[in-house]
Every structure is written in C-alpha cells, then in structure tokens.
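Chain naming follows the written order as A, B, C, D and E, and within any one chain the residues start at number 1.
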Amino acid sequence: MMKKEDSDSGTSAELSGITVIDYDEKYFDERDIERIEDLATYRLTPTVTWINFRGLPDSDNLAKIGEIFGIHPLTIEDILNTGQRPKLEDMVDYIYAAVKTFHFHEKSHRMMTAQVSLVITRQAVLSFEEEGGVVFEPIREKLRKYRGRIRRMGTDYLTYRLLDAVVDSYFDMVEKIGDNLELLEDRVVGNPTPDVLKAIHLLRMETTTILRSVWPLREVVSALTHDEFPMVKRDSVTYFRDIYDHTVQIIETMETNRDIISSLLDIYLSSTSNRMNEIMKVLTVIATIFMPMTFLAGVYGMNFKYFPELEWRWAYISFWIAVIIIAVLMIFYFRRKKWL
Amino acid sequence: MMKKEDSDSGTSAELSGITVIDYDEKYFDERDIERIEDLATYRLTPTVTWINFRGLPDSDNLAKIGEIFGIHPLTIEDILNTGQRPKLEDMVDYIYAAVKTFHFHEKSHRMMTAQVSLVITRQAVLSFEEEGGVVFEPIREKLRKYRGRIRRMGTDYLTYRLLDAVVDSYFDMVEKIGDNLELLEDRVVGNPTPDVLKAIHLLRMETTTILRSVWPLREVVSALTHDEFPMVKRDSVTYFRDIYDHTVQIIETMETNRDIISSLLDIYLSSTSNRMNEIMKVLTVIATIFMPMTFLAGVYGMNFKYFPELEWRWAYISFWIAVIIIAVLMIFYFRRKKWL
Amino acid sequence: MMKKEDSDSGTSAELSGITVIDYDEKYFDERDIERIEDLATYRLTPTVTWINFRGLPDSDNLAKIGEIFGIHPLTIEDILNTGQRPKLEDMVDYIYAAVKTFHFHEKSHRMMTAQVSLVITRQAVLSFEEEGGVVFEPIREKLRKYRGRIRRMGTDYLTYRLLDAVVDSYFDMVEKIGDNLELLEDRVVGNPTPDVLKAIHLLRMETTTILRSVWPLREVVSALTHDEFPMVKRDSVTYFRDIYDHTVQIIETMETNRDIISSLLDIYLSSTSNRMNEIMKVLTVIATIFMPMTFLAGVYGMNFKYFPELEWRWAYISFWIAVIIIAVLMIFYFRRKKWL
Amino acid sequence: MMKKEDSDSGTSAELSGITVIDYDEKYFDERDIERIEDLATYRLTPTVTWINFRGLPDSDNLAKIGEIFGIHPLTIEDILNTGQRPKLEDMVDYIYAAVKTFHFHEKSHRMMTAQVSLVITRQAVLSFEEEGGVVFEPIREKLRKYRGRIRRMGTDYLTYRLLDAVVDSYFDMVEKIGDNLELLEDRVVGNPTPDVLKAIHLLRMETTTILRSVWPLREVVSALTHDEFPMVKRDSVTYFRDIYDHTVQIIETMETNRDIISSLLDIYLSSTSNRMNEIMKVLTVIATIFMPMTFLAGVYGMNFKYFPELEWRWAYISFWIAVIIIAVLMIFYFRRKKWL
Amino acid sequence: MMKKEDSDSGTSAELSGITVIDYDEKYFDERDIERIEDLATYRLTPTVTWINFRGLPDSDNLAKIGEIFGIHPLTIEDILNTGQRPKLEDMVDYIYAAVKTFHFHEKSHRMMTAQVSLVITRQAVLSFEEEGGVVFEPIREKLRKYRGRIRRMGTDYLTYRLLDAVVDSYFDMVEKIGDNLELLEDRVVGNPTPDVLKAIHLLRMETTTILRSVWPLREVVSALTHDEFPMVKRDSVTYFRDIYDHTVQIIETMETNRDIISSLLDIYLSSTSNRMNEIMKVLTVIATIFMPMTFLAGVYGMNFKYFPELEWRWAYISFWIAVIIIAVLMIFYFRRKKWL
C-alpha cells in the first residue's frame, strides 16, 4: 500500500553515505564525502560527476544540496516523498526521474520496494537511494576498471546504466516469482492445502506491485527515447530503447503470470470441490452398506413372543448370507457408479 | 447512490455561517458576515477575497449572491444540486468547480461525502461547503499567521490550497481503507466469519465511491494545469500539476485495493469450502468407525435360538477385540488419507 | 430484447390522439386534431408549432404527414420501427432524434420502455410517443401558464424541454432501482432466500437496459451541444450541456449499481455456502454425539451368555455416567472448534 | 472453429448452378448458365448484370471467371478460402467483400455459417454463395416483378440489397437466440437440470460466433458509407448507413445476450447450491430426530440384570411419550431455523 | 515463462549448419558453408542471397558475421537473446525482425517455442533459427524447382515466404488446440474427471502463449505493409497484407478459444456440484428410509416387563407391514421431489 508521507518530517531512511565519482575518459576520482558543503566543488567541473546518496538526506541538508545544484523546491519534496509512483519531470535545467527498485527481504520472505531518485544535469547525475543497496555497485566497478564506452560518454549514458541496473533488479524478482509459480503449479495439482491459497494471494499481490511500478517506468523510459532533452544525445536514444524493450517484456511476463495465477486459483477451487466429493462418497458408501444391515440385525433383536424365524435352525447363518448379499450388491452398485 | 435532487427545494444543509477573508501581502482582514448584502463591498476590492459559506444558502439568497458576483443561474443550480459529479466549467468571467470531500462518520462507521463548490474569479474565491467542516481550517490558520507565498499570490494559488486540502481529505480515507484492508487480510486468513464478507462489501463500495469522485477530479485538476484560464497564472500550473500527481496516486492505490479486495474474496470463499471439507471429514470419520461397530453389536443382540457364538466362553472379549481392530484399521485408513 | 420489426406492418401502439400547440411569446393556441390533413395549416406559420402524436400513426398516415413536413421515407421507417437504439440524424432540413422513455408497469412489476421520435425543424417539433404517456404533460402545462423563457425561445429550447422530460423519466427509474438495491442489500445480509437471486437478476437486466439506452442518448445530446445544426442556436447549447451532464450522471450511477449488484451476488453465493456449513455442523454434532452412545447401548444389548458387566450391581448407572461423559466431551470438543 | 483451408484443394461446396440476371429500368433477362465461357458476353453490357454462383466453382473455373472479369489471383484465393473473417478490399477496378450468412441446421439443431463473396464492379455484381441458399431469392423476385428503385439504380444499390438480405439472415438468428434465451430463463428458475448448462454453453458459443461475424461486417459496411469508391454513388451511402445501423443493433443485442447468459449462469450455479442445501436439510432433520430416539430404544434394549425402569409399570408408555417429546422439540427447533 | 538470458553466455542451441542459397531468375546455387569467413563472398553479389543458420552461432562468430554484413552490435545481442518478444527494427541499412515459431514436442506433449531472427538487406536475407527445424524446407524446395515468382522477385518476397512459413507453423498449433478443445468439450459433458481440469489449464496456457506471440507479430507484419522500407517494394505490400490477415485470423480464433475454455470451466465446475448433489441424494434417501425402520426395530428390542405388543399374536407381521409402508411412503416422497 502506497501512502502519502509528510514530506517535511521523517524520511524512511537516514543518509548513511555520499560517494562521488568524477570521471572522463582519462581521469577517474572516487571519494566519500562527509560534509554537504564539499559537494560544491563538483558543481562546475567539465568531467562527468556521479554523486550517489545512500539513504536520504534530511530536508535541511537536501535544501543545501538543492541550492548548490539549482534543484527546485518541488523536486526536493519529491525526493523526500518516497511513496511516489515512478515519473519523469523535465525541469529545463535538469531531468528529475523517480523509479522503484525491488529486493527480497529474507526474514519476512516478502518483496520490498525502495525509491531511487535521479537528478540528471549536463555534467552531473545525483542519485538518491532510499535504501543504501547494492544495485549500483556493478556500475561503480565498471567505471573503476574499464575505460570503454561508459567512460567516454556523458551523463545520459550513465543514466542509461543506472536505469538498466534498476530494471535488472526487476528481472531478479520476475525470475523469483516465475520459480514460485512453477512450484505452486505442482502443489496445486498434487497437494492443494490451504497454504497454497495464501501463496497464490501473495504472488498475485507481488505481481500487481511490480506491474504498478513498471507501467509508469515504461513511460519514463519512453520519454527518454523521444529525444527531446538537451542532455540526452541522439546516440543514447538507442540504449534507452533497449531498456524500453525490457520493461515491455517484464510487463508481458507479469501479465502472463496473472493469467496463470487466475488459472491456478480455478484449479485450486475445483480441487477443493473434488475432495469434498471424495469425502462424501466414502460416507455415502459406508452408510449405504451398513444401514440396511444394522436394520436387519435390529429386526432379529426384537422380543416378540411369536417370532417364527428365531426358532428356525438355519436362521443365524441365513442372516449372515443375507447381510453379505446386501453388502455385495451395494458394492457392485457403487462400482458401476464409479464411486469405488 | 447519487440522486438528482430538486434544485429548487430542500438543500441538504442549511447555511450556518459566512466567513470573509480579505488579504494581500500586507493587509489581512477576517470577519463573519450575517447579511448577504454586506458581501457587495468585497466585489471590487483589489485584494484577494475568500468568501467561505458553511452550509448552502437557500436559493433566494444564492440568487442575490449570484447577482452581486455575476454568477450565471445555471451555476447557481449546480451549487444547490449537491448530487453532482465533480466538474469544472469555464464561465468566461469565472471558473466553476465542484468537488467532493470525504469524512468518516463516527457513529455509523460509514464514509460520508459532501460537495464543495468553488467560484473563482480574478479577485475572489467563493467556496460553498455542503457540510461546514474543518477541511479549510488549516488554510485560514496559514493565512492569518504567515506572510509567505500564500499571501503574495492570487486567487489561483488560493484555489490550489483549497483543492489540496480537499485531496488531503482523500488521503485520510485512503489510509483508513488501507488499514482496514490489512486488518481484514489477517481475519480472512485467521478467522473467516460471515462478518468478514460484509466488511469486504463495505470496503469495496467505499473504494468505488472514492474512485468515482477522483476520476472526474483528476480531469478537473488536469484542466487547471493546461493553462487556459485568465485567472490561472503560468507559475501556478506547477502547483496544480502537484495535485494532479496526488489524484493519480490515489487512483492507483484504490485500483490496487480493488485487486486486493477481489483476492480476499477468493480466499474467503475458498476458506468456506475448506471448512466445509473439515466438517465433512469429522462426520465421515465418526460414521465410518461407529457404523460397523454398531452393526456388530446389533448382530449379537439378535435373539436367534440357535446362535453358537452366544454360548462361547470368550465371545464377549473377542467382540471387543474385533471392534477395536475395526476402529484401529479405520483410523489407520484415514491417517493415510490425511484426514486425521 | 430488441427486435427488428417489420416497418410496414403492425406498429406496437395505434395512434390515439394528435395535439397541436402553436405559440410564441404573445400567442398561444392548443387544440386536438382529428384529420391528418388539418396539419398542413401549421406548416408555414412563423410561430413555434409542437405537434404531439400519442401512439404511432399507421404507415399511410405517416406518409401523408411526411409529405406535409418534407420528411424523408427513411425517417418515416425509423419512426415506425420502435426497436431502434437511440440516435440522431442530421437530415439537413430537419433533425431526427429517436430516444427511449421508461416507465414502471405496475401489474407485472417490470420496467417498460417506449420510443419517442422527434422531428425538429426551424419552426416545428413533431413528437411521436409510442405510448401516449404523461411524460410531456408538465411541458404543456408550463407552455399554457407561463410566458417565460419557454415561450420566448424557439424549437431548440422546446427540444431541450422534451429531452429533459425524457431524462427525468430515467431518474425515476434510477431512483426506483436504487431503492430496490438498498432493500436487496438488507435482504442479502439478513435473509438470503432464492427469491433474492431472481431480484438481483431482474435489477441487473434493468440496469443493463437503461445503460444501453443512455449510452447512445449521451451521444445524441452530445451532438446537439456541438452547435452544428442551423436550428440549434448558440445560446441553447448550454442547456443541452446540462442534459449531457445528467446522462453522464445516470451512466455513473448505473455503473456503480452494477458494481453493487456484482458484490451482492458474491455475498449471496457466499452466504449460501455459510448456511450449508451451518447445516452440516448440526448434522455432524448430532451424529458424533449419538453414534458412540448408540454403539454402547448396542453393546449391552448383546445376548452373550458370559457377559460379566450385565451382572454387575452398578452397571446401569455406570452406563449412563459413561454416556453423559461422552456427550459432554463431544460438546466440549465442538465448543473449542467453535461449532456450537 | 475457423481453419485455414488449402485454397487449391477441396472447397466445401461444389458449384451447383449459375444464374445471370441482366437488367435496367426497361430491360430484364434471367437465365441459367452452364458453360463458364458464356459469361464473357456479359462483360461489357451497359445494363446491370448480377451473376450468382450457388456453391463455389473449382479453382480452374474460377481462374477462367477471374480472367473474364479481371479478378486478381489473391481475390480468387479469398473466394475459395471459406474460413475467412468478413472483410472488404478495394481492388481499384472492383470491390471485393466477404461476408457470412447464418442458417439453422434442423437436424443437428445447430447454427451453421456460410460465406458469401461479392465482387462489385461498375456494371456487374458477382456473388458466390458457399451454400446455394435461399437468402437472395426475395431480391430475384423483386427484380422480376417491380420496375421501382431497384431496377433504376446501379450495382451499388444491388449490393445494398444483397448485404441487406445477409443482415436479415442475422436477425433470424438473433430472434431464435432471443427466444431460446427466454425459454432458458424460465427453466433456470423453474427446473435447473444439467441440460440447462449445455444449452447455456451452446447459446454462449452461438452469440460469440455471431458477434465475431458482425464486428468485421460492421467495418465492411462502414467502409461503404465513407463514399470513397467510384462504384458507390453518393445517394447510395444513405442505404449502407441503414445497414450499418442494423449491424450496430445486432451487436448491442448480442452483447445484452452475453450479459443475460452470464447472469443465467450465476443463477444456475446458485440454484445448484440451493438444492444442495435443501437435500442436506432433509438429511439433517431426519438424522437429528431419529438418532436420539434410536439411542433411547437401544438403552432399554440392554440386558443389565439390575435395571429398575424395566420393571416399572408405565415404562413403555413413558418411553413413547419421551420419544414423541424429543421429536416435537426437534421439529419445533427446525421450524424456528426455517428449515421446515 | 520468458526470461532475460545473458546475451554473452550460453545460447540455447549451438550452430549446427549454415546453408547459402544464391539465386536470381536464371541462376541458382545452394551450398553448405563451414567457415564463417566464406560468407564474405556473398556480401556484394547482385543476386538474392539467403543465408540460413540452423542453431545460433556463438557471440564471437556472430560478431564476425556482423562485421561482414554491417550488423549493429545491439542487433547481434538481440539475435542471441532468444527470450525476446517479436519485434521489427528499422536499422536503416537493414531490417531486423524477431519472430517465434511453434512446434509440438512429442515426448512431453507440450507446445515448444523457438525464435527466428531475420536480417533483411537489399540483396540478402540472413535467417537465424534457434532450433534447426523444418519450417523453411518447403521454401528451399520451391527455390530449387521453380523459376516462378519466387525466383524473379527480391529479398522482400523471400521475407514474405519466410514469414508465411512461420505463420503456417502457427496454424498447425491452432488446429491442434482446436482439436483438443473439441475432445475436451465432449469429456467435460460426458465424464468430467479432475484430469479435464489440468487439460483445460494447459490449453489455456497454450492459447495465451500463442496470443502473446501473435499480437506483436501482427505489428511486425503491419509495419511491413506500410511501405516505408527501401527494401520492401510497393508490389510486395499486398503479400504482407495477406500475412497480416492470417495473423488477425489466428488472433480471433485464439480469442474464441479463450471464450470456449472459460465456458468449459464453468461447465466443469457446475458438473462437479451436480455430482455432489447426486451423491448427497443417495445418502439422504438411504438414511431417511432406514433410520425410522431401525428405530422401530430398536423399540421392539426393548426389554420392558410390561410391553403389550410383544405378546400380541400378529405383532411381528404387523411390524413388517409398518416398515414396508414407511419405506414406500419415503420412496414416494423422494419420487415427487424428483430425487429418484
């Protein structure tokens, strides 16, 4: 459930670190920043500067950062409000993008979602991770080690890499959900306990959550492919189109999942009915066989004075024969009805 | 259920007070008005005038107000007809907007809805609250205490604050519904009584009601962001876009709620079936164990004269052994079927 | 169910009266016409002429009327074919509009639908009521008594009043359906008999019927607001927009009704399951308590010769104690399971 | 189920006759043609020529016909492929239209579908009926007898008459389905046997089949009303718009049918549950009344030596009184629960 | 389930052969190529060159091929990523198209899907089959034997033939699913075992899979009919439109299938309920007949000392008469209720 949180009070995660990577094809500098004021030196460098915030600064510090990089107060509110839906806003001097990342919380076995805000100018990318995660680590690694395309190109390509890392975190979830669905498919057919239903419910909710994040993300990426921003060069559009294809693929997979889930639910409900039928058959067979027999035993337990059969020599053995015939006929009848 | 009410007779709430706030950056005046005629003095002031009606004036008084501020008779009908769907009408000299507020009626534990009509001219905002509520109190407070943006800007910014207050009243409902849904989620899984079903029904209806109010509200706000009205300045568009984002967020949350509700219903229905299965198993197990035993007891209660077993020394103890074997076998059988 | 009826044979209602009202601001004349030929005199009057047909003329008479007022043969076919969906056709010299009215048939407790055809020229409105109803009576009344707007304005305003009367007849149905739904809501929760299901089915059909009439009606009215017809003056557009708002409101209410109906159906189905559970619990409780007890009674009814308990002094009283203990334990067990 | 059939082998119906009608306002000639080659004489006549094929020619003959009238090989393939969806293709020199007719197969009580292909040039219409049916007979009759509009106008009007005949065959189906639905509605409420379900399934399939034919047909007719073909004169557009209205009406009726069918299914399923409840009530009532009584009888059938009641003078009559009180109490209890 | 596969590691199928067919109207050469480098000779031939890869080359070899034919690195990634959704990309110098083929895996009785990538330049078509299948064999055969249209026309017509072969592979699946549906339809009505449900689930998944492949395929083909690529000549557009019609037909058939499947599921669920009713009726009939009789037998098994009936001469025969009357009345009662 998304909630609107007061943008001025209590952000969900405190700032736990600021990493600045400053690079071009020949130059590379990575350092951790402690004082917000130190960021000012990166404002006008001709190199590409990537400032990554793990956790969110409080509103005062964010205001300072905003002043340094010319970020509009409304954008600052958006960065702090972590309950937003993904969106992209053209603020003329910079692009503001809010997207969601997913990770799996091991303890609660639940899918967690966190917001990543990007402020993209011509010379710098500011990334705000609600949870100081590992999503962007491979990019840092690549920047350190290779002097390839990533070091040659500008903030638009860096943005592409960041968004690509975000979408990759979706594929992890997509795969996990896919695996769970397959497990569930077997259990629904083999051993449909009530737990299965809760698992179906959970998967349905997770699928919906991902879809609700990817639908607006697709629009965000689509806007970047339309080549209207000064900081997105024509060459980079191809790369954003690649991410666009990925988001479409995630959406299709999730929609297929919804079909599968709804089909599994039908099977589950139906198998509950089938088991009920099985139970009722057992009861009916037992009752139908023993009720006439018990009645007959009751008859010969009566105490009438004039009761010819009681005296009869072969009465008892005849009783058993009659009872067995009744049982056999009943069993035969149920066989023909395919209940046994 | 919305109903078309006679616009000439019986409005749902009588007028209980008129508050006029007249302000610009330096000047602030707040007073309660008793006679409609006194409003005429505010007609042409260069300051921003906000006239708030708690409850609706009767049609005669409203006609007088209309005459003073140049409001079209059709708009007057719209103000009185509180069963409308939210809409915005461009009346050239003013904008007419009708929106809904929500509040929770403590006694009946039901969500109530009330209409707020806004008439926005270049120098004045007339707000008509069907229920003289507390929705706009924080704005009055802010106008009194601060000389900030709200005092510097015109009727468009005041309109933004009013609509923002309305949308905030939605978030309260959204949160309440979200909390109820979570409670329900636990109860559906843990203790699915028939009450749960009624609660689901109620939440479904509330979700639908909110959606039916927010969908047209989104269009109302969207129209205000398209910068076509003389009284909405270009700078204010950003603020209306902020509200627009909020309405989209409410819509998404409500649509997610609908998914959750429909999933809960499936779980509820299925758990009803599961309990039925449990009940039937108990009955079947009992019947299947005792029916053969009762039959056997019946057999040895028969009064046949020639009945060899009856004379037998160990007959009684053998009977109990047989009966216990039958019971154990049956229990063993049900264990294997996982019914016990 | 709509059916295509032969346009040449058997209209559903015979012509039972023609009323002509001829008026302008100063002049008013109302009379009943017996001979079709007499209508010719109203053809070229500068006053506004409203000719109302209660019931439909047969095709010959309609052809005559068509000749007098220049109505195209296809329009004549449309007037006679009462199974049409609402539509508006621009025939250059006149506008043809077909709409539906609703009324409640007291005897069968069913909603009935009837067609009203309007032929609107610059100086005359011909209205054909399939059922000579009371829908237009208030308008006649107003024309007779007031010299207000309705007498000053032309055929477009008269058309507005006629369509408004038609839409008002919808609101009656909307309200009736709303009341029935509320009644049903109580019954579904309180006393869900199979009758409820039939009532739900009926309401669903009625809701669908109204929607299928209002959807095209909305388009009809929308066309009139687009100000493209020579006989619809710019000033009148506002009035048609008012009707347009009403149709949208009816559609929304009906769609909300559909949601409610589908929710009620879920509750109904679920409460059927719940009652089944109740029934099964009673059966299971009874069987589970009495089966062991009956078995025990059967045991001591056996006729074994060597049967130690039978001789025992306190056997009988012990039997009752045992039986009561069994019963109490069972009841205790079911209490814990919350079945009692 | 539609299948793609090999266009070169085995058409579904062999050619069984070719009828040529050649006419203008004053001239009329109708004859049966045996040799394909004879058709060549009709190629350039200034009169309107309608060549009707009952059954489909084999691909060789069709190639010959194509050569005579300048029909493109792809159109020839389309004529032979009877599994197509309705479509209209502008082939510059002629229009190709493929539509479906429906008829009711008496033996199997199933709705059958057949394809009609039309090739419309300025001077000739070639109609290919997959099944040599009676659909077009009334048009032949009219051409023979009347010298009215149909004889005065060109191939566009003839096309209108042919399509109108096709749509009329739909109305027959629509009516039949409507009648069946009404019958079903009564049976679902009165006597819901499993047969009802099969009937619902069949009606659902038929409704879908018709919809899937009418949706593309609507587009076909819509294209003809847009007045873009040289062989469709402006005057004829009105007539095609008439057919267009009919197709819309069929679609609406069918969609209403789908609503009704889905509502009937809900009633059916629910009434199955209701009957189950009835059955369970009978069982529970019987068991609950007789189980305690049987237990009591069992008690007094015990053979304890010390058994005070057995000696008692009024024991037997007291037993019956007790038993009757138990029964009455139980019945009273079920009455209050409204099970009896 | 689609998954994003690492494009650099492990393609799903290794390259098992490269066949080059080089032809124009008079010239034909077909040969198997072993060394990638040999492909360079075909780069600039004026003849049409079709290079077919059975299985996918590894990324190094593919890079070489890309260099020879000027294929963009992103296209190369796309060829290797076999989990894509069908798409068409205009790469200026060539068109890249990815489509899916279907075949039926005999062992697992499951539908399998494989990707085919096409790179279309003015003089060459490169086709990459994920599975070295038989889909394109008929085209090779035709190229070898005939000098008709296929040899006269360019790469656009060859592309048409390749896509047509792909779509034909869909029709095989469509037919198979259609046959299975018909079988299932009979079984659901005749013998609705739980297996039926699994079969329904499987068919539903297969239908969805095909739809998810054909929807984007339709867009791919649609793009080719819009005549915007330099390598697609105006004359060829008609042929692509033919394929477009086929894809629409497949989509319609699949959507009809979904309707049928959902209808079958309803029948299945309902027939489960019906069988439950049957079972419960048997149980209820048996219990209702024998419970009163057993009670009566119990009564006369009681040991009261004062028990007048026991002494009575005709007691025993009267007992049987009473018991038979009870049974007959019960049977009569159930007959009237139509349970027997």
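Throughout what follows, a contact is a pair of C-beta atoms (placed from the backbone, for glycine too) under 8 Å apart; a residue touches a chain by one contact, two chains touch by 3 or more.
Keep in mind the model is a prediction, meaning the values are calculated, not measured.
Asker: Is the contact between subunit D and subunit E built from the same residue numbers on each copy (over half shared) or from different ones (under half shared)?
Answerer: The interface is built from different residue numbers on each side, given that under half of them are used by both copies.
Asker: Counting only Cα atoms for the centres, state how far subunit A is from subunit B in Å.
Answerer: 27
Asker: For subunit B and subunit D, what's the span in angstrom between their mean Cα positions?
Answerer: A distance of 43 Å separates the two centres.
Asker: On subunit A, where are the residues touching two or more other chains?
Answerer: Residue numbers touching two or more other chains: 269, 273, 276, 280, 283, 287, 291, 294, 298, 301-303, 307.
Asker: What order do the chains sit in around the ring if I start at subunit C and move toward subunit D?
Answerer: Order round the ring from subunit C, first step to subunit D: C, D, E, A, B.
Asker: Of all residues in subunit C, which touch subunit D in the complex?
Answerer: Residue positions touching the partner: 1-4, 74, 83-85, 87, 194, 197-198, 201, 204-205, 208-209, 212, 265, 268-269, 272-273, 275-276, 279-280, 282-283, 286-287, 290-291, 293-294, 297-298, 300-303, 307, 309-316, 319.
Asker: Which part of subunit E faces subunit D closely enough to touch in the complex?
Answerer: Within the complex, subunit E contacts subunit D at residues 171, 174-175, 178, 181-182, 189, 238, 242, 245-246, 248-249, 252-253, 256, 259-260, 263-264, 266-267, 269-271, 273-274, 276-277, 280-281, 283-284, 287-288, 291-292, 294-295, 298-299, 301-308, 339.
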